[in-house]
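First chain written, first letter: the chains are A, B, C and D, and each begins at residue 1.
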Amino acid sequence: MPASANIPAIAQVHVSEHAKRTLDLVEEFVEKECIPADPLYLKQIGEGEQRWKSHPPILEELKAKARKLGLWNMFLPKNHFSQGAGFSNLEYGLMAEILGKSRVASEATNNSAPDTGNMEVLAKYGNEAQKKEWLTPLLEGEIRSAFLMTEPNIASSDATNIQLNIRREGNEYVLTGQKWWSSGAGDPRCKVYLVMGKSDPTNPNPYRQQSVIIVPAGTPGITVHRMMHVYGYDDAPHGHGHITFKNVRVPVSNLVLGEGRGFEIIQGRLGPGRIHHAMRAIGSAEKAVEWLIARINDERKTTFGKQLSSHGVILEWLARSRIEIDAARLTVLNAAMKIDQNDARSALKEIAEAKVFVPTITLAVIDRAIQAFGAAGISQDTPLSAMWANARTLRIVDGPDEVHLQQLAKRENKARKDELTAKLRWQSDRADQLLLANGFQAKAKM
Amino acid sequence: MPASANIPAIAQVHVSEHAKRTLDLVEEFVEKECIPADPLYLKQIGEGEQRWKSHPPILEELKAKARKLGLWNMFLPKNHFSQGAGFSNLEYGLMAEILGKSRVASEATNNSAPDTGNMEVLAKYGNEAQKKEWLTPLLEGEIRSAFLMTEPNIASSDATNIQLNIRREGNEYVLTGQKWWSSGAGDPRCKVYLVMGKSDPTNPNPYRQQSVIIVPAGTPGITVHRMMHVYGYDDAPHGHGHITFKNVRVPVSNLVLGEGRGFEIIQGRLGPGRIHHAMRAIGSAEKAVEWLIARINDERKTTFGKQLSSHGVILEWLARSRIEIDAARLTVLNAAMKIDQNDARSALKEIAEAKVFVPTITLAVIDRAIQAFGAAGISQDTPLSAMWANARTLRIVDGPDEVHLQQLAKRENKARKDELTAKLRWQSDRADQLLLANGFQAKAKM
Amino acid sequence: MPASANIPAIAQVHVSEHAKRTLDLVEEFVEKECIPADPLYLKQIGEGEQRWKSHPPILEELKAKARKLGLWNMFLPKNHFSQGAGFSNLEYGLMAEILGKSRVASEATNNSAPDTGNMEVLAKYGNEAQKKEWLTPLLEGEIRSAFLMTEPNIASSDATNIQLNIRREGNEYVLTGQKWWSSGAGDPRCKVYLVMGKSDPTNPNPYRQQSVIIVPAGTPGITVHRMMHVYGYDDAPHGHGHITFKNVRVPVSNLVLGEGRGFEIIQGRLGPGRIHHAMRAIGSAEKAVEWLIARINDERKTTFGKQLSSHGVILEWLARSRIEIDAARLTVLNAAMKIDQNDARSALKEIAEAKVFVPTITLAVIDRAIQAFGAAGISQDTPLSAMWANARTLRIVDGPDEVHLQQLAKRENKARKDELTAKLRWQSDRADQLLLANGFQAKAKM
Amino acid sequence: MPASANIPAIAQVHVSEHAKRTLDLVEEFVEKECIPADPLYLKQIGEGEQRWKSHPPILEELKAKARKLGLWNMFLPKNHFSQGAGFSNLEYGLMAEILGKSRVASEATNNSAPDTGNMEVLAKYGNEAQKKEWLTPLLEGEIRSAFLMTEPNIASSDATNIQLNIRREGNEYVLTGQKWWSSGAGDPRCKVYLVMGKSDPTNPNPYRQQSVIIVPAGTPGITVHRMMHVYGYDDAPHGHGHITFKNVRVPVSNLVLGEGRGFEIIQGRLGPGRIHHAMRAIGSAEKAVEWLIARINDERKTTFGKQLSSHGVILEWLARSRIEIDAARLTVLNAAMKIDQNDARSALKEIAEAKVFVPTITLAVIDRAIQAFGAAGISQDTPLSAMWANARTLRIVDGPDEVHLQQLAKRENKARKDELTAKLRWQSDRADQLLLANGFQAKAKM
């Protein structure tokens, strides 16, 4: 059954015929071209220092194929941008799920983070010169980029803590400080950083102290010290850099949108990106289910006289995984729909729901598949352990679960508490009236 | 914000303007009329034996109001029945959620189980005489009904185990056996039972041994022995009866659909009923959230110098509840949509997902609210403990979770195993080809 | 295998031969005399108002048998009290587990809450007159008692919130206020209340504002308004009273220990009581396992051609229950041992661990058994649903889980943070020295 | 507070004064010498191919120190072996917990897997020549060893599936087949394999088909193909080898114990080893708590105006971790005690409980610490992510959780079902007698 036939009933009406055809094309491209290429990609990266210098040739082959098929830049939503492939966030969400099943598919179709978010920033907030210099080659897949926000010495989950200093000197901004988890900074093709720092640290409004500025990757004063690991994986060549800035100078024209508007930029940037992350994660969960099913029907893997597929415990894993994945997908698609209807700002609740819910269930689903595979599951012989490690980062990147949960709750609590307190009090009083009017005592008061 | 403004983004397009207006009307009726009447209803039931003889007058008042407002029989979906109020399963689902917030609302609007399922059976499978005698007064809310399936001496989760004997003698069927958990059988207005039994116990097809037959409640030979309790609640006057049949005779014309077609009937009956149960349960979860919010902002309930609403742990409960409820609602609405598109049979997977997922999260949500209330939460002073007990039954009624999980998994495993095994093998072979063609070794084989 | 043969290996050395013999005697008494009497006890309570007036005769029969067997007042630990049966807290803990399997066993052996805690208070803090008047008949099982602490209008989990006013007028204290969840106050034999109230509300030390005072149950000004329910159970005749005090006068000699020493009293009272609750809960969990095993081997309860005992999912429930129960028992016995070694104050951590851990796992274990029984599990036909409701209260009584978790964490955090911070810093610095001395770079600093 | 002061109350009596002093010595050695040496050890391993050839010099320095302190071979329990340091399993368990806090400590004290299990096998089942050749150098820490059991093409969780062929030819055994997850086989000092294979594949008793045979590491026909990864970690130089045997010939004198006695050997080997794994895992959980506490009190890591240590959610993580760790430790110590009292065979239940319970809680505890650290937690900058990956393997090695849970349940079910069914039936009948004798009806029968 093609992917277009598997769209949840409630979402089908929101997917155009063109998007359905594209979705099936994405599926064919991913299953037939990308997934078989994943092992070659990993080999072509190489070993040791080489890992940070290589650009696997298979990727360029796949990019050429993808462009030919029209599978390019699908992530840029049609109602907010003109440069994309013309899909809604919901439609792209379905495609992103499928891209999430392969290591190389997102980049092969030029839909890979952090470039996607950076392209959105440049398309939305960049001036014409910035667009020409950086957006165009990014849209063409010629260069890659990084977004530098997280810092090691602070609690970055509260972005007001950011410390990298941006001070103006004449026609230049001078940057000093350090960043880490600069994802993508390891790639030799990463040519540009969008850097969030403090340009006005004493501004009484803590959300107006930050600016975002464009910094070419090779600018003097920049040192990439080392690459961070994720549960033993270095994620080369992409990688996650630990980078210092020592009096790094860029022209003032590199400022994006304006001084003090850093928060505005990152907030606009995160909404759709979270949808992308979430849908790719769902794709990895679906892939884990595929491997689980293949494993439990592997006739060589019989224990105690039974194939794994006849063990009730494992069937229950499969069923719970199905339920959780399908619920998670609906959650993300609903958030995407809400963005499509209006914008990310109006979908704060729905995006936060997807941000927290999806990684939780994805980790559970993949972990079940790993357990079904036993030792193979934790090894390099299945994609499962690497997928798990990647999903685990989603509980941390763009803010840990706990921050999102607190914000979600505070918003709901604030919005509803007065109304609800009044309503429940009115209902209680009204109930007492009815009781008294019918000859009963009023309720005991707590 | 009215209920119609809270419909999930992805579902809005599936709700007609008429349904939206009705939904808001339902909300107003439930919040203003039904919830304040719940305590009076409980009092009017009375104490001791009286509980099984009373018909709380407030209910008839509410029924009159509901009919006047046009809020009547909304459960019968428009594309399968002509006798209902003209809504889709998805539209009624949204209404059922709101009905689930009140003890009396479902019955006040003639949407209460098990009558709803029984009306569906009679409308779908009954002949004209049966419809006239039983469906009409049920549609009018003049009588109530019960569906007698579960038996005490067997594992009823496997319906082929059912033993109540139905044998033909001349123009009569003679029923002998026992049933329990006959919900609704306690109500003095319960006038009719639909009874599932074995008419052909030796039929080689275990799914053709059963028949469903209409039995008037007072037929000689029937004894209602006792009422089953649910965690201390007797659920009077509705109740759950333990009933014996001793040579109970009914005319052969009381048979529904035909001998041996019992399975066919119960399967058609269960799909939409599960959607109703699930959406009412979501309503109870939303109500628990309302009470939770009111509680944590209650200024009298300050601990260790802080209001409960500033305790991070409790805010996390609120946030997780919001995420889970919203995911569960989408799951049910998607299943309803699937039924609307075609029928319950085609929505087996989606219905099973809702059947298992919703009670799990509802129990968790209500339990958190109970914990926030402390001792009041487990007592009669809030609706929470009774709501919890009711939600707990949903993991058992219409088949325990475990049966549904096994079936869900087996269906998916059977449908996908060959295709997936072949696909993964093809991808693995293709990957090896690519590796070899590029000068690398093939992958190690597991 | 007798109970004495099932003592965890690590605890055996702590149980005297006498205690082992008594343990086996308790087991025989509970299994042969008490459990079979539970249904009769429930029947003898009666219906309606009668429930609060009856004293089931079977209980006095059992009490006579128990005393004859020497099974009386085992709860009073030998190293803190002289009036008990001469066992340690650990030894009694093992007995309490077995008592917890029957509704009537604790009372039949005069080990039932809240009398046990009240006897401890009177034995420890009461003067001779108070002991003579109240402790003696309690030790004899002639009367029962209640401890009145919780109040409806405040957050009682923070006991400094308590409001019932105790003011001195001449030789009398005058009490005004209200209490609820006064457990045991429903019993016609409940003759005395220990009441916690505020005698010095303006004392700057919030832990010196409270006093505990003895109030005879029938004192003028006292009204028992109603009994609180627990998930539909009224727990008659014991019950949980909602009681008002309107200028209730008692002689000043009824004060326990001294004005302002209420906190001191309740803290001494709670430690062993929590051990008792926890071990009885474990007994109920073991009983749930017994019923589970009986159920899954019930040959009448076959589903889909298999007995429940061959379903892997249900076997996993059994295994997890076994693991959790055994871990929980060790947790409680370790806390009991710690009290035995010194006192409850020195065992704060261990008691809190048992207080939180045991109800969590007990609820899970019982719920699994309920699910295995299906509809019977939630009904009055098994003891499971009532046991569950009782266990659920344990997450609330004597302080909700959340309060204990916060306190546990704050104590550990405060006690260890400086030392750990210094140690980890020292280790990090030392590691860098070693790296540098061996020609490597120092670690990157976070 | 020294480690000897932190022994659970219930276990103190089981720890000799000598063991307490040694425990404190272990603690000092681990905290002061080993943990600071962990980063150097990792650096000395090197990069690339070098990782499998190096033997970090720091390890030999630590071994020398440990021997001087008398911290050597503590794992060999005194009541089963004469070659060890003279401790019980329980006493060594407490030491193993502390060893588990460091990467190098177990090997530095010659207590590291799989050598420990191999030494037990050789000491228990080896003949004098075998002991002299292999046990002596292992006890001296001069060589290392591996146990080769798991195979890639079968479900190894059922050890009867093992296929590696052992056939006799004259005075030699000839081995053909493959093994993987041969832990320790990567170390250049690994000089000997104990190999489990099938010497009698057609034996009607599936537990008599296997033999264990000693194979020197360099024997012709052996190829170590590759090293398996664990979530991105290669665990060099130790490693987990994928090894083929092609007509590998060893003298018949290399057979251990006798043909067909492989199962007997592996079963004797696993019991204490599981205790060691479990206690080391608890040590890693305690270390995670240490890092968690240090992190949440790090003054640089303030979010939203509060230090992490004042966030209730994180305090709850700390408290739950404390409860779970302490319960898990008691579970393992109780199993160790049971082995000490008799042998591993009599402690099947207790060992299985520890085997399943400990990894579950260890993973949860470490994961909470990771989440508190955010990005640092998943990286190489804390030991947390590597500790997590290591703990995750414990749910798989020596049999997956699911196999142990099924066996645990089946044993309990089989042992108790008849007795329990009879008891509950007797109690039910007796209850009915009592009811009838007192004028009530007998209970309804399910």
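Observations
Rule of thumb we're sticking to: a contact is a pair of C-beta atoms (placed from the backbone, for glycine too) under 8 Å apart; a residue touches a chain by one contact, two chains touch by 3 or more.
All values reported here derive from a predicted model rather than from experimental measurement.
The minimal number of chain-to-chain contact steps leading from subunit B to subunit D is 1. The chain with its Cα centroid farthest from the Cα centroid of subunit B is D. Taking A-C and C-D together, the pair of chains sharing more C-beta contacts is C-D. One finds 37 Å separating the Cα centroids of subunit C and subunit D.
Averaging Cα coordinates per chain places subunit A and subunit C 48 Å apart. Looking at subunit C, residues 152-153, 311-313, 316, 376, 381, 402, 406, 444, 446 sit in touch with two or more other chains. Residues of subunit C that touch subunit B in their complex: 47-48, 150, 152-158, 161, 180-181, 228-234, 300-304, 308, 311, 313-314, 371, 374-381, 385-386, 388-389, 392-393, 395-397, 400-403, 406. Subunit B contributes residues 8-11, 13-14, 31-32, 35-40, 43-44, 58, 90, 290-291, 293-294, 296-298, 309, 312, 315-320, 322-323, 326-328, 330-331, 333-335, 337-338, 341, 347, 349-350, 353, 356-357, 376, 381, 402, 404-406, 408-410, 412-413, 416-417, 420-421, 423-424, 427, 430-431, 433-435, 438, 440, 443-444, 446 to its touches with subunit A in the complex. Residue ranges on subunit D touching subunit B, taken from their complex, read 152-153, 225-226, 242, 311-313, 316, 444-446.
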